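In what comes next, chain A is part of two complexes: it sits with chain B in the first one and with chain C in the second one.
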Partner chain A sequence: MRIWRNKKKLDKNEKDPKKDDSFQVLLQQLSESDEFTQFTYASRSSTLCIGYYTSLIDTEILHRDIMPYLKELEVITSLPNVIPIEEVTLEKDTTIIQDQLLRGHVIIFDVNNLNQMGLAKASVERTRQVAIPEVEFSVVGPKEAFVESLDTNINLVRKRLPLPELIIKELHIGKISKTRVSVLYIEGIANKENVNTVIQRLSELQVDQINDSSYLTQLIQDNQNSPFPQLIDTERPDRIASVLGEGKVAILVDGAPHGLIGPTTFFEFFSAFEDYFLNWTVASFFRLVRFFAVLFSILVTPIYVAVLTYHYELIPKDMLSTLITSRSAIPLPPIMEALVLELTIELLREAGARLPTKVGQTIGIVGGIVIGTASVEAGLTSNVLLIIVALGALASFTTPVYQMGNTIRLIRFPFLLMAHYIGLLGVAISFCFLLIHLLRLSSLGRPFLEPFYPLRVQDLKDSLIRLPFSKQTKRPILEQTEDTMRFDPMKAKEKNDI
Partner chain B sequence: MRRVPNFLILCLTMLLFLSGCMNIKARVLDDIQLATAAGYEYIDEDKIELTAVFPNFQPDKSVKNETLVASSILSKEVRDKLSLQSEKPLVSGKLEVTLYEKKTAERGIKDLLDTLERDPSVGSNVYLAVVDGSPKELLNKQYGNMDNGIFLSNLIEQNIESGLIHKTNLHQFSYKYYAEGIDPMLPIIEQKNGKINLKAIGLFDEDKLVDQIEEKMYFYLKILLNRKGENDTHAIQLGEKTKLSIFNISSKRKYHIPKPMTNSEITVKVKLKSMIREYNDGELTDRKIKELEKAFEEDIKRNSEEMIKQFQEKEIDPLGIGEEVRSRTRNWNKEKWEEIYPDIKISVQVTMDIIQSGIVE
Partner chain C sequence: MFDLETKELQISPFLVFFIINAVQVGIGVLGFQRVIMKSAGNDSWMVVLAAGMMVSFIIWLMYLLLNRHQKDIVQIQKDIFGKWVGSFISLIWIIYWLLIGIVTLRNYIEIVEVWMFPTINIYMFSLIFIILVYYCVSGGFRVVTGLSFLGVCIPFYLFFTFLFPIEFAHFRNLLPIWNHSIKDITFSIKDMIIGYLGFSTLLMYYPYIKHPKKSQKWAHLGNLLTMVIYLFILIITIGFFSEKQVSRQIWATLSLWKIVEMPFVERFEYIGITSWALIILPNICLSVWASTKGIQKIFNLKPKRVVIVILSILFCVTVAVQGREDIALLSKTMSLIGLCLGFIYVPLLTLISFLLSKMRRGKFEKGT
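Up next, the complex of A and B:
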């Protein structure tokens, strides 16, 4: 309710602008910026004025495709017929003109006739080349990753799905950034409800700037306070193309090299797209390893602390001597020891992330080897815990989606504290809280823990494990797709092998 | 606004209902003394002497065996007395073995077991054993690079796993003690030339040690004790020269009780599938194997029946024949069974099948 009311007020503000409608005022405002170039040019019949932002246009287009043709211009209204560029329009509305100028159009108008302004598109986009995916690298499979240009990104998706049904809805979000945001879905597969949810949430957004797709994840996901991301972000166009075929909705943002996917489930965050390039047996094994790694990473240090502080009975008799000798000279209680080491690892990670690659590597080596060995030799930490913490950290880095990996690293700390205060009971209670939280979460209104809760047996075949493609005949139930069958399973069985 | 009160309610409910669970004291592993073995002995009419063993882990990874001795009338009270001698609090959660002096065991160990059964931190897989000699002396010596609790526990565990003695621990003992129609057994150990030896198996009547069977009878006891068995080994000598040892691949035991709770005969049927491990009288032919099977059957039958007779004379039932009867009748009556048990004729039928004779051709 509150959000809605705020919105109304803002609308009213916009309705009584102090802006003067007149074109002269706009021109005045534009020329205040030194970067705005404006000059007059005498054509055969009239004096034309040409204006543009130097940084936004391609001067080659201006010189090659616009200027030579202006000589023959009789009246400004025939501009679209004269200039051989596809996007040449005539406009009167100053707000549109301003908008277009800022998107790299050239304004051409007759100094004596200010009723019609010609706009020709001469924009240039300076963007990086399509490169190898770095966050979601895969050894096999396509090696294209999104770049910062929305048009390039859409091109990367569309060339994988040459379908008229692939619909792209474009919105402009952000009061000052006016970022182009595209919503992608396949008509006839994606459920309209999901599409409308996304479009509604996007169009109701009240922000001033959108600099990256991760802004949108935080702004439109169902529970914004949850540490768990509820939309997958990916830099792989092939992943987006693949999930569009499952009936999901994708969001691409201009200036962001990552797209968003929704609705999604908790388990999808642990599927690397590489899983689909490998044989299903291998892929399933890797997925199970990843889930084990997550549980291990969250639970191993808390269990160590709990067992050493409260439940000495649980230690197998053959491990007693190893554990006790490794801890005998350590003055810190287990929780301090664990916290110190966990924080050390976090420091290493943070330092490595903030520094340039080369220096970061050095920090990793210095931290891992020197600090680790030195702290054991100095008797500050036990070597058993050092191994445990290092393994836990390693396990947390197996999560394919970076955002989820960070969450996994964060949620072990409450576990650790609870383990210190009430032992394994604390670990169990924390786990209950975690589970309750995950059960409450939803992604675009769809349950986050599907296919386990609610149980959807059919969707299990692409969750913890991945069954072969020939068994994946139906699209996931989660998305409630309009066309539920991927292909006809009967036809798939007919094989005309010689 | 709805979420916060819900969360608070949950926390408060937990504080209210789980407050019992919060009453746990932190016992950091390196700040406690882990008792791994305990030895009990009555030193006079009602005073118990308790020897507690705990490992002292040296920085060079070796382990020193240390003991504390104290005496009192209750075993938990002894523990408090032991704590007075110790630098760290003594805890019982890692107890692996408890030993009872032979005279103490003959007097009955139920009262001494009570503390183990009652203490939640003591597991039910604690091994119990009877010591022929003083437990204090036995536990005082170091037998390997480990403390005696772990050493004895490994010793007993190894022998159970390799099939030399029956399964035994606190749980098994308590079960057989409380169940009707079966009596417990415990291994008897002794210290001999600085080594520990599993000497015999002690037979209990209720909680009192009354008899023992020697090492050479373990095999008969084992095949009769369990419904299904494996891994037993046995050796016999036939005549002057023929000696052979067999390894039991599988054994099956069945009771045939036509009329339970009466004096009528009870037959125990044992089927064995074995392989020959060692044989030292020339070549093995099929005919010879048949002969050996016969000889074995007779040997097992004779010795088993003798052993059962011995049990009946002592009025104990470590094989659990009473329990077999109890499971076959509605008119179970403990007193009546104890009355008729010594006079029932119990016979053993053995079928031996040697299915392998090794790889020597």
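Up next, the complex of A and C:
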């Protein structure tokens, strides 16, 4: 088998002839695409040939900044001095020429002298305008969200951090998509080890296409089989700027309106960036509410199933009568009842997500009111469970990071099944499983449950709660930053007029 | 020369507090009262104190031994007794640790059977539990430690529920103090120490502690917390039950929970037993981890296979032992081995190691 495979490989190598470097071959290849425009132009001393991909260049630049100056051109080597745009180069290597053409350059060469080709950048980028964040909307605070253009996105970050230390490393990933991927970090704050991990994982990637940053999350996170995302994706440039200051590493992908942040912790997924725009007392309260919501949304339906299947004794007398009246006419066992309702909610969510916004709203109303009420009236589910499932669903939507919200919605199903199998013990065992899983996870090699395990008291002040900015004098230990202090706490105290 | 683990695998010294506490607090807390009150009666709080102090002394001895060698027990015994005898004694330790896991799991299953699910399928339940242990132990020592940490912190709320019975407690039951003979009390101490067993896994995870010498105070504090927990529950039990009542309660702590009543929940022992899963899980994981590591060190095997073998043994024995008498016999055997190893063998080993190092130093000085 192995011999055969080797042989095949050899054959392939033999078939693949040494790349023909000749420029004629390149031109032929290019002109096979109808979109490639090529024409000759007689300058004062020679005949020039100009070629470009029509869709990739800005014709205005071509006609205003390139064509008028070609008349005076005498030798092709003086091209950079003649054309008044910044990126004009001379190239010999056909692969580079091809690459640049595909990135919106115009090729200019002398028909009689094929040794050197001139390349002038006239690229145009068609992208939408910077808009309001939709996934991570905030009532107060900046309302800019990333768009699909990498340069615009970097601009949005850089204008918030006017620092020469903000380093941007660019890589090209994907065999056929050759997507531009930028790694952002602040030199002197970010730990070199984190940066190197990210760059190494990115450069070792073997894929053909990267269409969005979420591809990268799935490809470079530590445990790719875990339902828990281990890198935060965000559409807020202010969030990226802020975490870069903490010493994290950010990844921006061309064509993706979401950036990635790492290393991160489980608890950071439950912090909305709006928390930083509110007073710390309010923000802390909201965060606690969110954590409660997560626990509630995972545990409440399983506990209902467990208690009603096995442990009636747990419910006090007065409450039991309420439950019994609501359940007395229902023919289904609690697990069926719960699964039907949970699946209904999932269906509603999925239908709402797939349909256009306006139709989606209608579906929400139809589903929420009609199906809910009708199923109770038909005697298929109890109204207590309807309330519980609806509350659980509502609670699961409070998670600020969409990817984590999906995870929370998924993991309640194993809980439900275990609850049906061995009641409360099943819930406890599933919970233990969850804990161990979270303990085993890491984000870029840093522990995922960080401020709690390993316990780092200093990092607790921006986890479950958020203490005031004046108390956040140190950068999180998680990132192992090179410069650990955000600012000098002694100087901050000197200001005594407030 | 030293045999400490690489820095990435090591844990902070203060986590020893949680490991020691997690491995001590287990199934014993649910039913230790009857055993020790049988002979010491209302003076048994002294028994808890005395046993705790004795355990603290043994921990001190262990640190004396470990700090000198900076190795785990398998290596130390190899150095002192040679390869064959040393490994044989290590094997006894491993069997003992494995027994701790078995006894804990079996007792827990029994409680579940008696209190919650009379018809539970033991095979399935232990299998699920063992998969859980495998998932934890295969994650390495850091995950086991993490689980111990969370296993101490998360279920800690349970101890506040013991405040409910105080309303009905008569703390005069504690009086008169010292109405039992020293002989009775010594007898009880032996039974009480069972509740503290498991701390000997320290001998195995010592090389995994960063700055191990600093961890000693945390180990003692962890033991202290165990003692406080036992004392707290015991004093409430003495106040709540009469001596005769306690003698009829196999799991007195669970009976204490019956009095807990909240507007949304009754029969709190169900929740207690459920939450106890998170308390005994680190207990089992740690003992399984210790025995796995031991076997791996003796025979130089791949850890993954060893875990599977150890867990299969755990499963077979857990399932094979049926009925109250057998479980009690198993627990008794485990505690006997634990007592002999902890309170006779460890001091002896420390002494031998001390004498040997003196002798060797003497030779060394003579040689120069």
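The working rule: the second predicted complex is superposed on the first by the 477 of 498 C-alpha atoms of A that agree within 3 Å, B and C clash if a C-alpha of one lies under 4 Å from a C-alpha of the other, contacts with A are read in each partner's own complex, and residues count from 1 in each chain.
The criterion applied here is as follows: contacts are C-beta pairs under 8 Å (C-beta built on N, C-alpha and C of every residue); 3 or more make two chains touch, one makes a residue touch a chain.
None of the values given here were measured: they were computed from a predicted structure.
Superposition of the two structures on chain A leads chain B and chain C into a clash.
When the two complexes are overlaid on their common chain A, residue A:Leu425 makes contact with chain B and with chain C alike. Shared-chain residue A:Tyr310: touches chain B and chain C both. Using the contact criterion defined above for the overlaid structures, shared-chain residue A:Val289 touches neither chain B nor chain C, since it reaches no partner. Look at A:Leu439: by the touch rule set out above, it reaches chain C but stays clear of chain B. Two complexes overlaid on chain A leave one chain B stretch from 7-15, 97-105, 133-141 or 187-195 clashing with chain C, and it is 7-15. Residues 310, 313, 315, 422-423, 425, 429 of chain A touch chain B in one complex and chain C in the other. Contact residues on chain C toward chain A in their complex (touch as defined above): 11-12, 14-15, 112, 116-117, 120, 125, 128-129, 132, 135-136, 139, 142-143, 146-147, 149-150, 153-154, 261-267, 270-271, 273-275, 277-278, 281.
Chain B contributes residues 14, 18, 21-22, 24, 26-30, 32, 34, 36, 55, 57-59, 61, 63, 91, 93-94, 96, 121, 123, 146, 150, 153 to its touches with chain A in the complex. Across the interface of their complex, chain B is touched by residues 307-310, 312-313, 315, 317, 320-321, 323-325, 327-330, 333-334, 422-423, 425, 429 of chain A.
On the chain A side of its complex with chain C, the touching residues are 310-311, 313-316, 319, 422-425, 427-429, 431-433, 435-437, 439-440, 449, 452-455.
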